[in-house]
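Read through the structure below, which is laid out as structure tokens, and then see the notes.
For clarity, chains are labelled A, B, C, D, E and F in written order, and residue numbers in each chain start from 1.
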Amino acid sequence: MKKLLITGAAGALGRAMRPRLAGLAETLRFSDIGAMEPAGPNEECIRCDLGDAAAVHDLVAGCDGIIHLGGVSVEDKFSKILHANLLGLYNLYEAARAHGQPRILFASSNHTVGFYRQDEHIDATAPMRPDGLYGVSKCFGEHLARMYFEKFGQETALVRIGSCLEKPSNHRMLSSWMSYNDFKLLIECVFRAPMLGCPVVWGVSNNDSRWWDNSHAAYLGWKPQDNAEIYRAELDAALGKPDPKAALHVYQGGNFVNDPIFEED
Amino acid sequence: MKKLLITGAAGALGRAMRPRLAGLAETLRFSDIGAMEPAGPNEECIRCDLGDAAAVHDLVAGCDGIIHLGGVSVEDKFSKILHANLLGLYNLYEAARAHGQPRILFASSNHTVGFYRQDEHIDATAPMRPDGLYGVSKCFGEHLARMYFEKFGQETALVRIGSCLEKPSNHRMLSSWMSYNDFKLLIECVFRAPMLGCPVVWGVSNNDSRWWDNSHAAYLGWKPQDNAEIYRAELDAALGKPDPKAALHVYQGGNFVNDPIFEED
Amino acid sequence: MKKLLITGAAGALGRAMRPRLAGLAETLRFSDIGAMEPAGPNEECIRCDLGDAAAVHDLVAGCDGIIHLGGVSVEDKFSKILHANLLGLYNLYEAARAHGQPRILFASSNHTVGFYRQDEHIDATAPMRPDGLYGVSKCFGEHLARMYFEKFGQETALVRIGSCLEKPSNHRMLSSWMSYNDFKLLIECVFRAPMLGCPVVWGVSNNDSRWWDNSHAAYLGWKPQDNAEIYRAELDAALGKPDPKAALHVYQGGNFVNDPIFEED
Amino acid sequence: MKKLLITGAAGALGRAMRPRLAGLAETLRFSDIGAMEPAGPNEECIRCDLGDAAAVHDLVAGCDGIIHLGGVSVEDKFSKILHANLLGLYNLYEAARAHGQPRILFASSNHTVGFYRQDEHIDATAPMRPDGLYGVSKCFGEHLARMYFEKFGQETALVRIGSCLEKPSNHRMLSSWMSYNDFKLLIECVFRAPMLGCPVVWGVSNNDSRWWDNSHAAYLGWKPQDNAEIYRAELDAALGKPDPKAALHVYQGGNFVNDPIFEED
Amino acid sequence: MKKLLITGAAGALGRAMRPRLAGLAETLRFSDIGAMEPAGPNEECIRCDLGDAAAVHDLVAGCDGIIHLGGVSVEDKFSKILHANLLGLYNLYEAARAHGQPRILFASSNHTVGFYRQDEHIDATAPMRPDGLYGVSKCFGEHLARMYFEKFGQETALVRIGSCLEKPSNHRMLSSWMSYNDFKLLIECVFRAPMLGCPVVWGVSNNDSRWWDNSHAAYLGWKPQDNAEIYRAELDAALGKPDPKAALHVYQGGNFVNDPIFEED
Amino acid sequence: MKKLLITGAAGALGRAMRPRLAGLAETLRFSDIGAMEPAGPNEECIRCDLGDAAAVHDLVAGCDGIIHLGGVSVEDKFSKILHANLLGLYNLYEAARAHGQPRILFASSNHTVGFYRQDEHIDATAPMRPDGLYGVSKCFGEHLARMYFEKFGQETALVRIGSCLEKPSNHRMLSSWMSYNDFKLLIECVFRAPMLGCPVVWGVSNNDSRWWDNSHAAYLGWKPQDNAEIYRAELDAALGKPDPKAALHVYQGGNFVNDPIFEED
């Protein structure tokens, strides 16, 4: 690729992935509403509010690939979600449509299906069951992307990220964890696939205890290498025996199912 | 019911249904952003912008049932859809949550699945395939409703209305038409069911050529009585032989699949 | 048929069906552990404890059809269920095997699936979810019958009776009711079918609000004629608005899900 | 339609349908390898061997619809099936491709699925299980039609005819019978549908005991009116109690499953 | 765990597993109706007839986990199966309910599905097809466990053991074999899972030729390590070419499908 | 095996496999319509036109296994396909029936499903969607084989070969490639399986990007060892970035979907 745009670059996931993306494109264009580390060689850094259509239009110009990590990434007030995740995503897709439809990797979320129980095994055809407003906004995003695909041919990978962290920090993540390296491998697969289409991909490592079935997306050739299982003993020692009745261990969305609706100011 | 709220009362469907709803509740509260016919006996009329949270809060107070026909009902600028169908729906559900969770009938749409072809037969588990921004907003609405159901127990009937008109006006509607009387019968079923849950219901009459399968919702006891078939000869005479390649006759969403993204001012 | 055996003839359902079965066979042999009305023309009445293998062996001799209504038909102590529904059923199938394998209609029950919710629509492939020891005994019965079918060719109709009464007596039965006449029609279909096999059949009338799908058994040609819907107004008047949170209106098995395990003496 | 071609016009089904098709098109062109009744008003009769590509090419010229009943219609020597049903069908589709792709109704057969048992309920997605060389030739035909549809847009209704006779002549046909009038209604639906696609349609009346599910093709608007059930008493009287072990009553294909491979001369 | 109860400890499987379970709990309580090896350190041995409710009540007291291998484990007289597998299991679940619902691993069996053919691949949703009275008793056990789960929250792993032996002893076991070590790993997974629920788990090693799909239970994190394939050459040499028509090689239940009903004394 | 027949031995695949099959049987009988390499030790070479029934009859005599690679293997004139793939296959099955029904491995093809897109993941139950006359002939072959299985017990493995070559030569083959060695392993599994039945097997290596699911055929114990992924860099270097709109990268059948119908002479 000539130029790859990464939104949400100042967020936790964006910062973690930034050094791992070098080499994916001649230029990496990082963007966030907040402050980012200064641009290094072959990097650009552009601050941008996703709710600002004109700014997003300019941001996308010249890019032939987009990794969209931007927007609100946890439960929050609806006004904020509306601005960043609903309006912001629309702005992004309109900008992409105006600029030749670069392929998009959209960071969707396991919170689109958070109300499934952890003893349920689901694939990409399972009806969505979002666990909060954030999850609903990701459902919206997946459907917006699908509409742009069917109507205009815009390709998107709808990556339902589980828990993308350095390592699992509780027992739920023994199932939901995706390592940074496996995410990197997935990104490579998404942008190298001859035809992408608009698939849901479960963003999860090769964990022994995973809940999700990616076999429909085998054509991408993604083979995650890591397995959260190696952290089990460490978690057992640190956290003790998990409470089988706690939402954290009952629902795929974990504690999100107990989040309230956040009050507006 | 004591008081039933009907939003979107000044729209075409709202106006058509208004006289048919008498007797469903002691008081009918009609609402719209636009002007309505004056209130008759046992009626109230309240103008309200769905995007105004406080106004919606007041509107819902005292109601033990809601028929939500309000919002943008065709393809339009995203800013308008965002205001009425995304923010507006959130406001409605928050108001319902604040006021004892009256049962809701949400007017969803066949445009949530508009990209299926007319020779496909689908049921409520078919993945959504919206045909425009309007359809995407209805997908959002269905997921928001489901989240409020799973999280708070709010019951909603997600009625994917086909073509609710006096009678079919083109060949596509021989499949998608729902008569006003069948809609009335459905409304009665939704509000009388001992337990509603949060089902998708295809809003379609008993048409010989229907595409949609409602058997999963048989527990509601809805038996639509009308059949668009009786209008076929009339349509044949008026419109001639339908073009098999036209979007109107290829896609379940008809011409909506060809609608452009409307430009903002 | 020459001789048709009906067990459980002194039970409520047995008594109701007895006059309706005249003409199905040259002789009707009624049986129960308790006292029955005296035998009329073309009738025999034989008292028999299903747990007594020798007695059951004699009971089945000479019969070319069996309607097995006998055994415990509500939640009860396990010792009683064990005797009548587990041992008793084994005795019946052994007797049938010894006597030429007369076709059997086994009165199974909706309580094999009582934990499904009333807004779920299921067919015969849905995994069993019994709601008590009685329901578990009917699961046992269905599997015993299937084993005798696959191993020995014994044909059985596994009729999961909903609520077979004169008329519905609560709102749940608007969905689960089977009229006596529809049961009679089903019995005729079961014994006249050229090949029966070992199908599950949902024993339910043509109710608007039914939960169960019999389309897999269409080959039997059963068309139930009655519809519980005609009793709705009467029930509404008598019982008022049903409580949406009551087990009676939430679960397909109704109040059975709340039955305790009955203590042995 | 201007001109409708009906092949196989001298066969039993062709002769029965001929008078019922008047009015479907301005001209009806009947064809067969054998002798036909002379042409009446608005009729043409053309003898044609389907294995003769040039003759078939001419036969199709000028037609805007085809009902293809021609070819071998029972188990026969492979050489005859090869000529009429494999080569003949290829010739027909090539002729249609050369002449503007008139819509085709292809008389497929229940013998594509003849090895299913009569207590199995199947829909159009059930894998084919042909019961002889004739059935295999109809599988070939369905796949040939599908390929022409996907590759060239040629529309075909793949009508799996059950037993299309004046009335049922054995107990199997209580399930498989299609009345002449219901076939006529289906033909009308196939040629009037705005978009046909390439659906499988089970050619069966509204029999109480039918095995096949046409709900996927509801969009055609076909509502068969007849029910073989009315002939049951007559068949019972004439034929006595059916043998439950006979292939006629075990398999959907009936006695065809016992047909040998016919020896070539 | 503090104390783990293992029933059936004097049986072949119980004896094989006994040394492998050390370390799973502070105390291992072994039980059987027959004589066991004397208790070693951290072990208890208690003789108990599962059909004796009071004895089972005492047996379960103080345990926080149960591995239920007890009962009849092959085809036998119904009276014996009734006593040990039906009454005995009820006694066990009642005892567990009285003592805080310790998690249970129930040794179910492949004979719940023994009539599937070996060229069929099934998962946990496949309808049961038991191959004898023993298999029927295991179906009963699975449904009893499910009822206690849905009604009272009792968790059970329903482990359908294939062939748990030192090594495969015939060609069928190349598919059905579970090594002792893989069973031990499964036991660990069952008792460590934060939430168990009530899943079916196919008790089979990672055999190249396995018939069963455990992907629905991936959340347990069980990764069997052994593969029966390594014994193929040895079996080929010892047994020669297997007879493709023998029940042993046709049915998943192998020779059990040919077992007769055992006569009572 | 005593004698294994391999048809199509002079074709590309036949020539590649010939040296790899030594040891599978005491004698290998190679056949083709064209010239073959001379027979080596334990080999026979017999020229044979598959369309010649008598010659095929003799060819099969004495064989206890058949690998049928013969016939037309690419898009061609229908007359040639008719002769070799339709008539030729019938001749082969009749010869097998006359000679004790030796087990057959039939080289079917991915072109039976060529119209699926490359972002679709399918298993053996997916309805066939052939991409040309060649594909249709392979559909015919699979159904012919199934009929001989259900009617006469003839076992066949229906191997839908992807791209069986030395190594992948374009990006599509990163998904569809089967190595020669993996084909050899499959052949061994097919002929050693105690019971084969008549399964579809996707002939594809363990490629990261495969489209097809073989889990239903796990009972054969085939574990392909190779992975096309190792050739990706080489293909990227040689061919550059693949065109996402080219049929080669859109359809599972690749360029075959664009092949015309070949004109007869």
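What we mean here is this: a contact is a pair of C-beta atoms (placed from the backbone, for glycine too) under 8 Å apart; a residue touches a chain by one contact, two chains touch by 3 or more.
Nothing here was measured: the structure is a model prediction, and the numbers come from that model.
If you take subunit E and subunit F together, the chains in touch with both are A.
The chains that touch subunit A as well as subunit E are F.
A comparison of the D-F and C-D interfaces places the larger number of contacting C-beta pairs at D-F.
The contact pattern of E-F recurs in A-E, the pair among C-E, A-B or A-E where over half of the contact pairs coincide by residue number. Chain geometry summary: the mean Cα position of subunit A and that of subunit F are 41 Å apart. With centres defined as mean CA coordinates, subunit C is found 52 Å away from subunit A.
Multi-chain contact residues of subunit F (touching two or more other chains): none found. Pairwise chain contacts in this structure: A-B, A-E, A-F, B-C, B-D, C-D, C-E, D-F, E-F. Subunit D meets subunit F in the complex at residues 53, 78, 82, 86-87, 90, 94, 97, 115, 125, 127-133, 135-136, 139-140, 143-144, 146-147, 150-151, 257, 261, 264.
Within the complex formed with subunit A, the residues of subunit F that make contact are 117-119, 121, 171-172, 174-175, 207-211, 213, 229, 232, 242-244, 249-250.
Subunit C contributes residues 155, 194-197, 199, 215-223 to its touches with subunit D in the complex.
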